[in-house]
Every structure is written in structure tokens, then in C-alpha cells.
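Single-structure report; data block below.
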Amino acid sequence: MLTRMSEHDAPPISRFPVPELDRLPDDLRQRILAVQEKSGFIPNVFLAFAHRPDEFRAFFAFHDTLMDKDTGLSKAERELIVVATSALNHCLYCVVAHGAILRIRAKDRLLADQVAVNPAKADLTDRQRAIVDFATRVAIDSAAITDADLHDMRQRGFDDDEIWDIGAITSLFALSNRYANFAGIRPNDEFYGMARA
Amino acid sequence: MLTRMSEHDAPPISRFPVPELDRLPDDLRQRILAVQEKSGFIPNVFLAFAHRPDEFRAFFAFHDTLMDKDTGLSKAERELIVVATSALNHCLYCVVAHGAILRIRAKDRLLADQVAVNPAKADLTDRQRAIVDFATRVAIDSAAITDADLHDMRQRGFDDDEIWDIGAITSLFALSNRYANFAGIRPNDEFYGMARA
Amino acid sequence: MLTRMSEHDAPPISRFPVPELDRLPDDLRQRILAVQEKSGFIPNVFLAFAHRPDEFRAFFAFHDTLMDKDTGLSKAERELIVVATSALNHCLYCVVAHGAILRIRAKDRLLADQVAVNPAKADLTDRQRAIVDFATRVAIDSAAITDADLHDMRQRGFDDDEIWDIGAITSLFALSNRYANFAGIRPNDEFYGMARA
Amino acid sequence: MLTRMSEHDAPPISRFPVPELDRLPDDLRQRILAVQEKSGFIPNVFLAFAHRPDEFRAFFAFHDTLMDKDTGLSKAERELIVVATSALNHCLYCVVAHGAILRIRAKDRLLADQVAVNPAKADLTDRQRAIVDFATRVAIDSAAITDADLHDMRQRGFDDDEIWDIGAITSLFALSNRYANFAGIRPNDEFYGMARA
Amino acid sequence: MLTRMSEHDAPPISRFPVPELDRLPDDLRQRILAVQEKSGFIPNVFLAFAHRPDEFRAFFAFHDTLMDKDTGLSKAERELIVVATSALNHCLYCVVAHGAILRIRAKDRLLADQVAVNPAKADLTDRQRAIVDFATRVAIDSAAITDADLHDMRQRGFDDDEIWDIGAITSLFALSNRYANFAGIRPNDEFYGMARA
Amino acid sequence: MLTRMSEHDAPPISRFPVPELDRLPDDLRQRILAVQEKSGFIPNVFLAFAHRPDEFRAFFAFHDTLMDKDTGLSKAERELIVVATSALNHCLYCVVAHGAILRIRAKDRLLADQVAVNPAKADLTDRQRAIVDFATRVAIDSAAITDADLHDMRQRGFDDDEIWDIGAITSLFALSNRYANFAGIRPNDEFYGMARA
């Protein structure tokens, strides 16, 4: 049976039904319990997707292959793309949750807020700025990208796998930002203060 | 071994490597051969994703669960969402390919072009217009969606599964449009004239 | 006597009165019968303008001097400008009707849809791209055009008559697109499938 | 023989050739001499169009049928539409020249500047505001106009001829503004101070 | 006691209370009487700010230090910045009032209207154009300004005090334009025709 | 003597000269030492303005009269306006510094980030939302504000002093955001983590 997770004073974590853990398919429950064990809490995105097991599986399959890779872009660079483009889409969930992850991955307590508010004023290396600039184009004006843009990225030292990854991660969070925005997925309070000290 | 698919005069189908079919993982090759048998040709999106098997699998898992469902939204309504929002993103691949599918699914040879050029002038029923309007908001201004918008959709007769599906399909093609745009995925010539008569 | 042309199930061809042919001034009726004989049907724009004979005459005088010229820009190039800029203005009538004419004039069954959806992904020659780029500026940001833009076009090999024609055709369809949009002029069904095979 | 009209210090009145009066076709020369006699100077738009007699004729035929009519909209209301929409298009020629005409036609020395800078702060009657609002939609978002907008205008007391005229005048100056902007047509100095006292 | 200054037919000069002169603090009254003696009338901005003496003092302190300086930028250049950026913000008060001052300071009866309608078509020197271009960026896209933009201005011959002044004046009128717009401050009729002959 | 404050590795706090404290006018130095004593550090905005004493004085006079008032809007509401509108202007300094102050004033560790990323998803009361909505209009579309907007605010329970204050604070930070953006004023590292626990 499904229940909306908005008991008492706590604001709802989604505008759509959130199933109870023990009624989920095994693979979903296992994944959720694993992340809870690792993080100490369950990020709401897992609960918000759980009423749609196939979309849950497809989304996290996409996520894992693009965000957990060790070659090419670093994990911090991958999170940098997420924060920069999610800010363009005004996605509260992704900016807050991935902002925390970026602080951890980049071992930098300023970068996430800088990039979320104004990348032009952020402390970015040339490589990071090229990543953010290309991701920005994919996020808000992908139709205008031409062969010349890819040539330009190659000139700046990116190989095809890295360029594809920047485009792919931006595309995945174009999806994720819209899901979070229409479903009203609320970031867990824990993310806001994480890795601030 | 990988090869770019741009021999002779034929324009390339992607800016990224396109593997030969017989070097693909079995599940990808099976899927591709099945669609080729059904359609008479291989839609280029299958070839463009093939160099990234995990993203291929995640993308088509997403696609199948959202586009092949028979309950709630009709298949024609699902394609209508794709064409309307892909036009907003100026995604040539998706407008041309899914325009053809919409003509077939809706048994209407005018609707796809109308929606791609200007939904306000398209021959839409009230239900279709509500779908296109909500999808448009998710596509271009998802951050502004509030509880009131969902309440409004429920007032217009949509249940939560239908509303989620409109949002989810729009989100998936926000991803798909950006992939096609940065990778320069070319629509097969076959799509343009399909179901025109 | 005037009558709205929306009998039975057929959607209206205009939001404004459409006169009967035999009540039109002779020159208008002759022009309309001539185009009907040539095309096999009467394009709705002729009927929609007919209740205003002076505007009908001025519009088609403008049209004929700019679109039927044989020197400088080719006729296919002239139609390319119309389709590209009418798509920017989301004018269903002009994209559909002139899309058909462009397929015929350019002997190309893909170009019109490509340009309407996303010129950056269209199969354009360098000359065609320069034409579309300048027309785009006239259509959406004419105020910013400076002497340097004209100098740039001359450097790309266009003479003054060609540059004026690009600007003039774009200006004429800025007018035409707005008329069609406020008056709700409906493209004839015949245009959609024309020259597709 | 043609000559550019930019002798000595005087800034050029157009980026394109300006023919000498005595080499023009008779009808153009008569029209120009008549306006010179009436105004005391030749408005530069006449000279800028003169190298293209057919476009000259079509443009002024359009102009005369829409701007010199005495029924329905008043002449001041027609000029109000021109100034409001030309300001949206940042057309220096039309704002300055028609601003002068509006001051004269409306017998109001403030209205033209108010409307050009910010219609929301202009001293407009309810009828004038409805005209400017509809013209603004035709000028910048004509694609979104629906039957409901026309119904709304009829509710505000406008008949179909008046609504068409608002749309048509806006459309004509969408053309005129773009011509003036790409051709760099310079407003005569005389217009700026006209009817100011 | 406060009174709204909208007696009889005269349109109100502000949407907020306008105090009587003899109830103002001495320093405000002295300032207002001085400007009245110099100009022959009291510009409405003085009256509109008067119900908030501390904001009155801060605003005119800012104004005087930035607009009455004799070194670096000329006074005409300072007014040019005000007119150009106030037009971008559609501030009727500032365009009309400072347009008049610009005509006087620059001894040019065309420049203010040109800049207000379309700077690209205004008779600007290279130095004036660089000033207007940088001010435009500060007015509408200040977040994107980088070190490279300041380097570029220095290359064009501006020193740091001049660059700061362009930025500061634009910032002050970003404030002033918004005050005038939300408070509905009406420009005095006297400004429109000033220095036109 | 002036010196740029960018010794060693520390990023510069401004693109313009930053004077040494002991060379400042007494009133500026006193103000700066007072804020240092209270906060434990000198917020960079004080240093960035110090090379222009008159602008320093005018800016902080404006700031104090609008931000330190106890009547009408609460101090937390005043900071809410600053964070919301500074985020619209992508002003890193103001979002980070005033975000910290908002966390303190509102005794809420989530609100500042929520409002900076997406006010539509922030935990706002109806009164707070009305404040943010009106401030947003003043920040980005002040030209369109009419009497009806003020009437609407009064209907929602705001008196004229509160409405003026919302408009005035938004206007002041329209100035402040642009100064910080063109001058590249860097937020102190201390602000990011303040009041997070």
C-alpha cells in the first residue's frame, strides 16, 4: 500500500505517492538500504522514484554509469557539471544534494555555492571553466552546438570520451532537474550543512 | 573496432564513434536487429548510443517503460508530448523521427507538423492541449511549477499517473534532445516522408 | 455578401470574413483563378486577404517583385529565407506552404523540415548558411545590425542587391507571418504532403 | 545613375544607393515632390526605397490604405500603434518620424515619448491601452494569439475591421522597422523637434 | 501633514505620499528651493523622495558625487550613460528628465532620442560607443563581467577611475530607475520639450 | 597610498584599488573597525568601496536606513528581499554574505539557499511569498508595475511604508549587485559556513 510521506509537520518529500520500504521490489529496497547505510539517511530522490520501479532502475543505471566512472573526467568534475547545470534549471534538490557531494568530492567548501550563484565569479581552473561552459551550452542552447564547438573542446585538450561525458551528464540532469521540479522532490535537510566546516 | 559512419557522400550520423553491429554486446545487437526488422531500417539513435552500452540500455529502458505503456495516456498522446517538447528544444532528430511515429499513432498526417511549428494553431482537443501546455511548462520552466499546477491538471481530469507520465516523458526527451543535439545525431532520411499520404 | 468559410466540419481558414469569389473585384478574382489553375487549389492566403482588396494588391505586388525575380538570389534561396524566418515566428501557414514550395524549388525533400526545426543541423552550403544567418538577424534582432554586418556579407561574396533582397524578403514575411498569426490563416491540407516523395 | 547620398559631413541616409530625383520613374518623383511640398522636406524613407520602384509602390500602397483611412480607428490611434510597436523593434526612423506625426495627429506633445519609452506609464485611455496591448502581442508574440484574444477585443468594444487594422498596421511596421534597421535609414533631423511646443 | 499631490486634473507625481515643502527638514527644503531657482520648476524626483528624508539624502549624495564630477568622464558622458541605461530599464522619468539634461550638456538635440531608441543607430564617437556598451553590460548582464572586460576597456583608453564611474553611474540608475518605476514618479511636462530648438 | 589587496595566494577582493585602513578618512575607518569588532572580520564590501569615500558614505547611509529599521518589515524579511533579488542578479557577494545574515536573522538554516536557488520551492509563508514576488517584479520588470500591483499588495495586507520598503530595498541591491559584479567584489570565506549548524 502506498502512502504520502507528509505526516505531521514535516513537509512532503514529493507531490506523488511514496511507497513504504517493505513494499518495494527487492532490488530497490537493497539499493535504498545500502545508500542509507553509507550516508546515514535516505536521499529523497530514491523515495520519490520508488513508486515507479522501472524508472527508478533506469535512472540509477544512467546515474551510476555516468557519475561513478573513474576515467576521463574526475568525480569532482562530474559533480561540478551537475551543480552548474542544475542551478541553471533552478532545481533545488540537485543544487543542494549535489552541492554537498561536490564539496566532498572537490574537498572545497566554497566551490558549490560559487558555481550555483555565478560561475563567472567562481574559483575555477581553465579546465573546469571549459567544462562548465560546454555544459552550460548543452543545458540551455544545445540546438546551436556545431562541429566547431567539438573541435574547440578538442583544442582545449578534451578527448571524445570526456566531451561525450560532459554532454551526457548535462543531459541526464536535464532529465533529473525536470523530474525533481515537477514532482516537487524536497532535498533532505541533512544536505544543506554537509561538508561546510 | 570502431569506425565513424560517414563514408563517401553520406553525412555522418553522429559526431562520435559508431561501432559495427557485429562488435556490439549481444543484447544491443538483438535490439537493433529487431527494430530493423520491424521498421525496415535502423533508426540512427540506436547506432549513436551503441558505443556506450550502459547508456544505451538505460536510455531504452526509460524509453520503453514510458512510451510503450497502454494505460493512462494513449500512445499517440505520448508521442504528441515528444514532438511538442522536442520542437521547443529544436531537436531535429526527435521532431523528424517522432513526428513520423506521431503521424502513425494518431492516424493524422497534419498534427505533427502543426505541433512542431506552433501548438497554438494545431488541431488539438482540449485534453491534448492541456497535455501539451503542461509538457511545455516542464520542458522550459519546470522550476516554476507549484502544487497549484498539479491541482489544475487534476481539475482537468488527469489522474496522478497521467500527470507523472507527462512530466516523465518530457524529462526523458529533455535528456534525449540534448544528447541528439550535442552528438549531432542525424535523423534517417526515411522518417521525413513516412505516413504522409 | 460575405460569409465565413467554415462550413460543416472544415476548420475555418481565417478568423475574419472570406468573401465569395464572384463578389471580388475582377483583378483579385483573375489572380485567384490563375493560381487555382496552376496549383489545383486556392492557397488560403489569397482568400484571407480578399476582403481587403487594397491590402491584397499591395501584398502580392510585394510578393511578386521579391519572390519571382530570377537574378541575384535564386528562387530556392528566396524560399529558404521564408521558411527559416517563418519558423522563427512560428507561423504555421508560411512554414507549411513555403516549405512545400522550397521542396519543389530546391528539389530537396529534407531541407524545409531541417531549416524549420533547426538551421544549425540543416544540410546547408556556406552560401545558404550565410543567407539564413543574415535573415535570422533581420527577423529577430534587426535593431543591432550595423555597417559591419553589411561589410561582412560583402566579404562573403554577396552584392548589395542580394543583401537588400535577403533583408527585404525577411521584412515582407515579418509582415506576412504576423498577418497569418493574428488572422489565424490556416494552411491548406494539400501543402503538408507536397513534394515529399 | 545612382549615387550614395552622403556628401561632405552629412551622415548617409541609407546604407544602399539613393537615386537622384530626376532619374526616378514619374510616379515616384510625383509622390516625392508632393510630400516635399506638404512637409517642407523629403522624409528619407521615400529616398531609401526609391532604388526599388516596385517595393516603393507596394510599401506606400500598403501605407496609404492602412494609415490614411478615416473610419474605424482614428488617425491618431493608427500612429499610436506605429510608435508603440516601432519602439519594441528599436526602429529609430519610425519612432522619430511617426513620433512627430503622432504629436500632430493626437495634438499631444507628451504621448509619443511616453509610449516609446514605456507604455505602462503613458497617459492612455482604456481604449488606447487595449489597442497598444493587442498591437504589442502582434508585434512580439503573434504566434500565441488565439480565438480567445479576438473574443476579448470584441468584448472591449472593437469590431472586426478595427481589430484587423490593429493587426495589419502592426504587421506593416514589422516590415517597415526591419527595412529601416537593415538599410540604416536615417530619420531627418526635422522630425525630432516637430510639434514639441 | 502629508498629502498626495494629485489635485484636480493633474496626474499624480508619485504613487506614494508627497509632503508639503514647509513640513520638510531644512536641508531638504533648501535643496529643493535651490533646484527650483535654478531650473524654474521642481523636478518631481525631489518631491517623490521627500517623504523619506534619509533616502533623499543618500540618493542625492550618490547623485552629486557621480554626476557633478569634472574629471575623467565629461558631464555629457555621464548623462549619456544615464539615458542609455534608463532606456534599457524603460524608466520614463529618467529617460525624459536626463534626456533633456543630455541635450543641454552635449549641446546636441538628437543624441538623447537616438540613444534612448537604439544606440546602434546613434551618432556616437568610438569613445562614446565604448562607454555605452560597457554601461549596457553593467545594466543588463553584470554577472557575466570578467577581468577580460576591464582589460578590454583599459585597452580602449579608459583608466580605472573612468571604468569605475561608468559602472557606478549605471548602478545608481539601476536603483533610480526601479524607484521611479515602482513609485510611478512622473516626469515634469517641462522636460519633454527642453533644449529641442 | 593605495594597494591592491591580492598578496600571495589570496584572490583579490576587488578589481579596483583597496586603500590601507590607516589612510582612510576617520569616519570610514571608525565604521570599518566597528564592523570588524562586531563580526570578527571586515566584510570585503567595506574595503571595496573605501577608495571612494563619498560613495562609501552614501551607500551605507542607504543601507542603514533601509536594512536596520525595526518597524514595518522585519529584519529577516528585509534580508529575504536581498537574497532573493541578488540571486536573480547572480551577485555572488550579496547572495553569500546576506545569505549568512538571513540565516541568522530568520533563525533558519535552509531558507537562504532555498530562496537563492528557487523561491517557488522555498518554505515561505504567504506573507513572505508576496514580498518575494513583488521584489522580483521590481528587480527584473519594474517598468511593467502599475497602480493595480500596488492595490494588490495593499489587499494582501501591506501598508504603503512596507510596499515602499520592498521596492526601495530591491532598488538598493540592484545598485549593490551591479557594483559587486563589475568590481568583482569577493565574498569573505567566513560567510559561506556561517550559521549552518
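In this document, chain identifiers A, B, C, D, E and F correspond to the written order of the chains, with residue numbering beginning at 1 in each.
Note that a contact is a pair of C-beta atoms (placed from the backbone, for glycine too) under 8 Å apart; a residue touches a chain by one contact, two chains touch by 3 or more.
Keep in mind that what you see is a predicted model, and the values were worked out from it rather than measured.
K.L.:
What's the call on chain A versus chain F, same or different interface residues, using the half cut on shared numbers?
P.N.:
Here the answer is same, because the shared fraction of interface numbers exceeds one half.
K.L.:
Specify the chain most distant from chain A by Cα centroid.
P.N.:
Comparing chain centres, D lies farthest from chain A.
K.L.:
Can you work out the rotation angle that lays chain B over chain F using Cα coordinates, in steps of 5 degrees?
P.N.:
The C-alpha superposition of chain B onto chain F needs 120 degrees.
K.L.:
Please pick, from A-F, E-F or B-F, the pair whose interface repeats that of B-C, with more than half of the contact pairs identical by residue number.
P.N.:
Selected pair, repeating B-C: A-F.
K.L.:
In whole angstrom, what separates the CA-based centres of chain A and chain E?
P.N.:
45
K.L.:
Using mean CA coordinates as chain centres, what's the gap between chain D and chain E in Å?
P.N.:
Those two chain centres are 29 Å apart.
K.L.:
Residues of chain E that contact two or more other chains, please.
P.N.:
Within chain E, residues 90-91, 118, 120-121, 143, 145, 181, 184 contact more than one other chain.
K.L.:
Determine which chains touch and list them pairwise.
P.N.:
A-B, A-C, A-E, A-F, B-C, B-D, B-F, C-D, C-E, D-E, D-F, E-F
K.L.:
Going by the contact rule set out above, which residues of chain F touch chain A in the complex?
P.N.:
Those residues of chain F that touch chain A are 11, 87, 90-92, 95-96, 109-110, 113-114, 116-118, 120-123, 181, 184, 186, 189, 192-193, 196-197.
K.L.:
Which residues of chain A touch chain C in their complex?
P.N.:
Chain A residues touching chain C: 143-146.
K.L.:
Flag every residue of chain F that touches chain B in the complex, lowest number first.
P.N.:
Where chain F meets chain B, its residues are 118, 120-121.
K.L.:
Under the definition above, what is the set of chain B residues touching chain A in their complex?
P.N.:
Within the complex, chain B touches chain A at residues 15-17, 52, 54-55, 57-59, 61-62, 65-66, 89-91, 138-139, 142-143, 145, 147, 150, 160, 164, 167-168, 170-172, 174-179, 181-184.
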